[in-house]
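Shared between the two complexes below is chain A, which has chain B as its partner in the first and chain C in the second.
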Partner chain A sequence: MNARKLLYVDRRVIYLLVAIGALVPIIRPIGLPTVPTKPVQQLFNKIESLGPDDTVIISFDYGPSSEPELNPMAQSILRHCFQRRVKVLVMALFPLGGVNMAIDQLQAVADEFDDINYGVDFVNLGYKDGAQAAMKRMDISIESLFPADVNGDPTKDMPIMAHARNYDDIAVVISLATGIIGEYWVNLVNAQFGVPVAVGCTAVSAPKYYAYLRAGQMMSLLGGLKGGSEYEKLLVDKYEFARELYEQPEIKITSAMAGMDVQSIVHVIIIVFIIFGNTMYFIMKRQEKAR
Partner chain B sequence: MVSIGVWINAFLTLCILSFLYKDNPFFRFAESLFAGMSLGYYIGLANQQTLMPNLFMPLFRDFSGSVVLLIPMALGILLYFRYIPRIAWMARLALAVYIGYYIGVMFLQKLHGEVLPQSRDTILQLRGIAGIDVLWNAVFIAGVISVLLYFYFSAEHKGVLGKVSRVGIWFLMISFGASFGYTIMARISLLMGRFSFLVNDWIRPLMGAS
Partner chain C sequence: MRRTIPLVITFLIGLYPIFAFFVPHGSISGANDWLDSALVIVAAFALPLGTVNVVMTNTTKLKRKSRGWQYSIVLLAGLTVMAFYGLVGGTGVHPSFQWMFVNMVSPLQATMFALLSFYVASAAYRAFRARNVEATILLIAAIIVMMGRIPFGDMMTRGMMTPLSEWIMSIPNAAAQRGIIIGAALGAASMSIRIILGIETTYLGTGKD
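This part shows the complex of A and B:
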């Protein structure tokens, strides 16, 4: 009887425990260690191998609902590219907020670097409707798809566009994706045009991307907040500027590395409940059998 | 000083979180507001970022050189004919073009991007490779075959087929477990994002803490 009572505990009790588990590390960070994995290391190494003559596409294919997971990833990748002086084309193919994510993140990170210039080292090409149609068009001409940048200024006069005529000039496409658009970059752009593709996705969509990663259709996968924290760790270990940056309180509290404290504690709470629920289930089964 | 934007943000966050206790008018208000704003945002975005630079501006600047753009423009307008019953059938012409285009794109995309590379990836060698790789390749092959057989419904699942499809169920359960773990991680990230906002952008400045 007691076992039954415990098993049917009000779901709001679980919500409360999860809320406490999430709040405590936000108020008092713990600083649990982060260990980079091979899929994340591969993108880091790829960016490390690039320089000022190389161009990458970073596509903001997510909206505000995925902000906590993908913003830290976007920031650390942008920081890495700008530190290496790699030319960055930013765009958004996700309709609900992708372009605003791009504007906010690009603005925040570009301000940290004194010697990079808009239109020369990076550009925000804005949002374009049609996903696959837009991707196919870029194989012919990126400028024809984006005749104007996010502010409506013509792109044809921008020096960076001379380094980004079509996919032939692109060293890697990095899609920060919440939905199916990340998949399109893999199964359309990589498959048909041979461009290396890395995807930084929300954790909920990470399992399906492992099939592409394993088949060699993607060069790297950053899965959810964990992927973001691993990239931050690699950046911090490699560069002094990043180490100082991620020590600043306003950046530290929103970093993926800090977020992993919350993840770890809440996961422990959920695992305890799963073990508890299953144990209670078997105890009840035994009690019913005995009756 | 906490800005009015942060107050609105905090209020709407609490409205949405209140659903965890039970359904209530505050939650419904925030939900409806979000849905309405999303639609308005999308219409404005499509107009500003796609229609203006890729359709209207080229037509205004160089009409004769951009006359081909009148075709997709006409197709787009045709879609709205469905709201005029007398000529609603004309909307189907535009739909036929869109569907035809995307079937063509998707057909190649699925074939080149999924069927062929994923099939190729299941052809794995078990000899001539070292150590643990043999085991992983064997597990991979066993997983693919047993799950495929589980979804084979033209014969009753008994005997050898029943046993192999049972193994397939185990593989499926393990993959569902992995997906569940990732789903939890995603949802906790969202919760953390909102809590981090409430604590660091709203409560701490209100209390005068940095």
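This part shows the complex of A and C:
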């Protein structure tokens, strides 16, 4: 056996196997079980404890590159809030498409609920530049920072704004973040103004948030597709409407639970390759020593 | 004078919010609130500044016919068309802007990000080698975390992988992250003090026209 030859296998072989590993579960879903973890459960419990008199901020702090990981998370959290009739302020502090993600996701989810009204139960405040400066300003007045919503309509006439004067009225801030904006919410809004903050982030940025989570500066962390799938699982287990919704093919295919099938297979392929590579590495070293 | 006035402004504007943070009296915080509003406006100016920079860099590339100048045409055309619809109808509501975003920008960026899985798989195969003790520890930790992120891990180990992976993320990883975060925060604080006190003046430029 030529270990050296196997060790330097053509990278196209790896690409091909990853492509097959990603495609097969999309065509034939496996439906692997999902077990919710404590950090995800904490946000679910928090929203469960809220009602029509409570207001939450959902900040779309990500762009299209993080869409596959964070869209399912955004949808399940919005569905949960609307189901509980919690008032939702949607905003975007990420410049590269955050507001467009917000428009897209909000529109898709709000259409599923007949008895919620724009300006009363939810509002899209649009994009504001200068993330930290905007966050600081919201402690004084949210309406003064967003005098008009995403459509250009004045916010001062909207009933929802009476429930969202400043951070004193906000039950929790949920930042769906790529990059540093999630950290700003934690180390500015939580640390200075004491507002509970939950962050839903891509899997690659999750490690840095564990320091804040352990320190109690964050009440919850939803890391990547796994975090999203755990939230969906909690929603599906609790609510009949969610169970039916996530059975619909067009929603099922884009859900985090379906995405976990793909992630699982690709992770296994990578792990197998790592183990195979190391085995070949040691065999090659032994062969070279023997020579 | 050209250097002194900006330094004095920086000193006063930099010091005032710190003062207001510790003295939250109405007479002090009023001016601080105004500064917060001004900060949002100043931050917004970074966007046109960035746009001007992108346009200048790419037009220069076009003029000189530098390598890959064709991509600059695509970039400038995209920038002009998106900016036009954005300025005409607002980024939020104009259907053409949102259509281009959903059907062009979004799939392109998602594709770029999706390609990472192929490169990560290839890089992991080539780079993750148990060459020494440190590399072996890293390798084992990586495999545990990867297995902990998928249902297979728990199925194969009777539910051991998720708690083990969470422990790695919550204890050793959080400890290392804390070190990085505290270090970066101290660096930012010391840089801020240097700027406020006028020790660090590179933001003023070199003084040459």
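Here is the rule we go by: the second predicted complex is superposed on the first by the 290 of 291 C-alpha atoms of A that agree within 3 Å, B and C clash if a C-alpha of one lies under 4 Å from a C-alpha of the other, contacts with A are read in each partner's own complex, and residues count from 1 in each chain.
In the analysis below, a residue touches a chain if its C-beta (ideal position, glycine included) is under 8 Å from a C-beta of that chain, and two chains touch if they have at least 3 such contacts.
None of these values were measured; they are calculated from a predicted model.
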item	value
Partner chain(s) touched by A:Val268 [first = chain B, second = chain C, both, neither]	second
Which of chain B and chain C A:Gly126 touches, first, second, both or neither	both
Which of chain B and chain C A:Ile27 touches, first, second, both or neither	first
Chain B versus chain C as contact partner of A:Leu188, first or second or both or neither	first
Partner chain(s) touched by A:Asn151 [first = chain B, second = chain C, both, neither]	second
Touched partner set for A:Leu6, first chain B, second chain C, both or neither	neither
First, second, both or neither for A:Gly259, with chain B first and chain C second	first
Partner chain(s) touched by A:Asn278 [first = chain B, second = chain C, both, neither]	second
Contacts of A:Gly216 with chain B and chain C, given as first, second, both or neither	first
Residues on chain A lying within both footprints (that of chain B and that of chain C)	15, 18-19, 22, 65-68, 95, 97, 99, 126-130, 133, 136, 145, 150, 152, 203, 206-207, 211, 214-215, 224, 226, 263, 266-267, 270
Contacting residues of chain A [partner chain B, same complex]	12, 15, 18-19, 22-23, 26-27, 65-69, 95-97, 99, 126-130, 132-133, 136, 145-148, 150, 152, 184, 186-188, 190-192, 202-204, 206-207, 211, 214-217, 223-226, 249, 253-254, 259, 262-263, 266-267, 270
Residue ranges of chain A touching chain C (in the complex, touch as defined)	9, 11, 14-15, 17-19, 22, 32-35, 37-38, 63-68, 95, 97, 99-100, 103-104, 124, 126-131, 133-134, 136-137, 140, 144-145, 150-152, 203, 206-208, 210-211, 213-215, 224, 226, 260, 263-264, 266-271, 273-274, 276-278, 281-282
Residue ranges of chain C touching chain A (in the complex, touch as defined)	33, 36-37, 39-40, 42-44, 46-47, 90-93, 98, 101-102, 105-110, 112-114, 117-118, 120-122, 124-126, 128-130, 139, 142-143, 146-147, 149-152, 154-155, 159, 162, 166, 169-170, 173-174, 177-178, 180-181
Chain B - residues contacting chain A, complex	20-21, 38, 41-42, 45-46, 49-50, 52-54, 57-58, 101-102, 105-106, 108-110, 112-114, 117-118, 120-121, 175, 178-179, 182-196, 199-200, 210
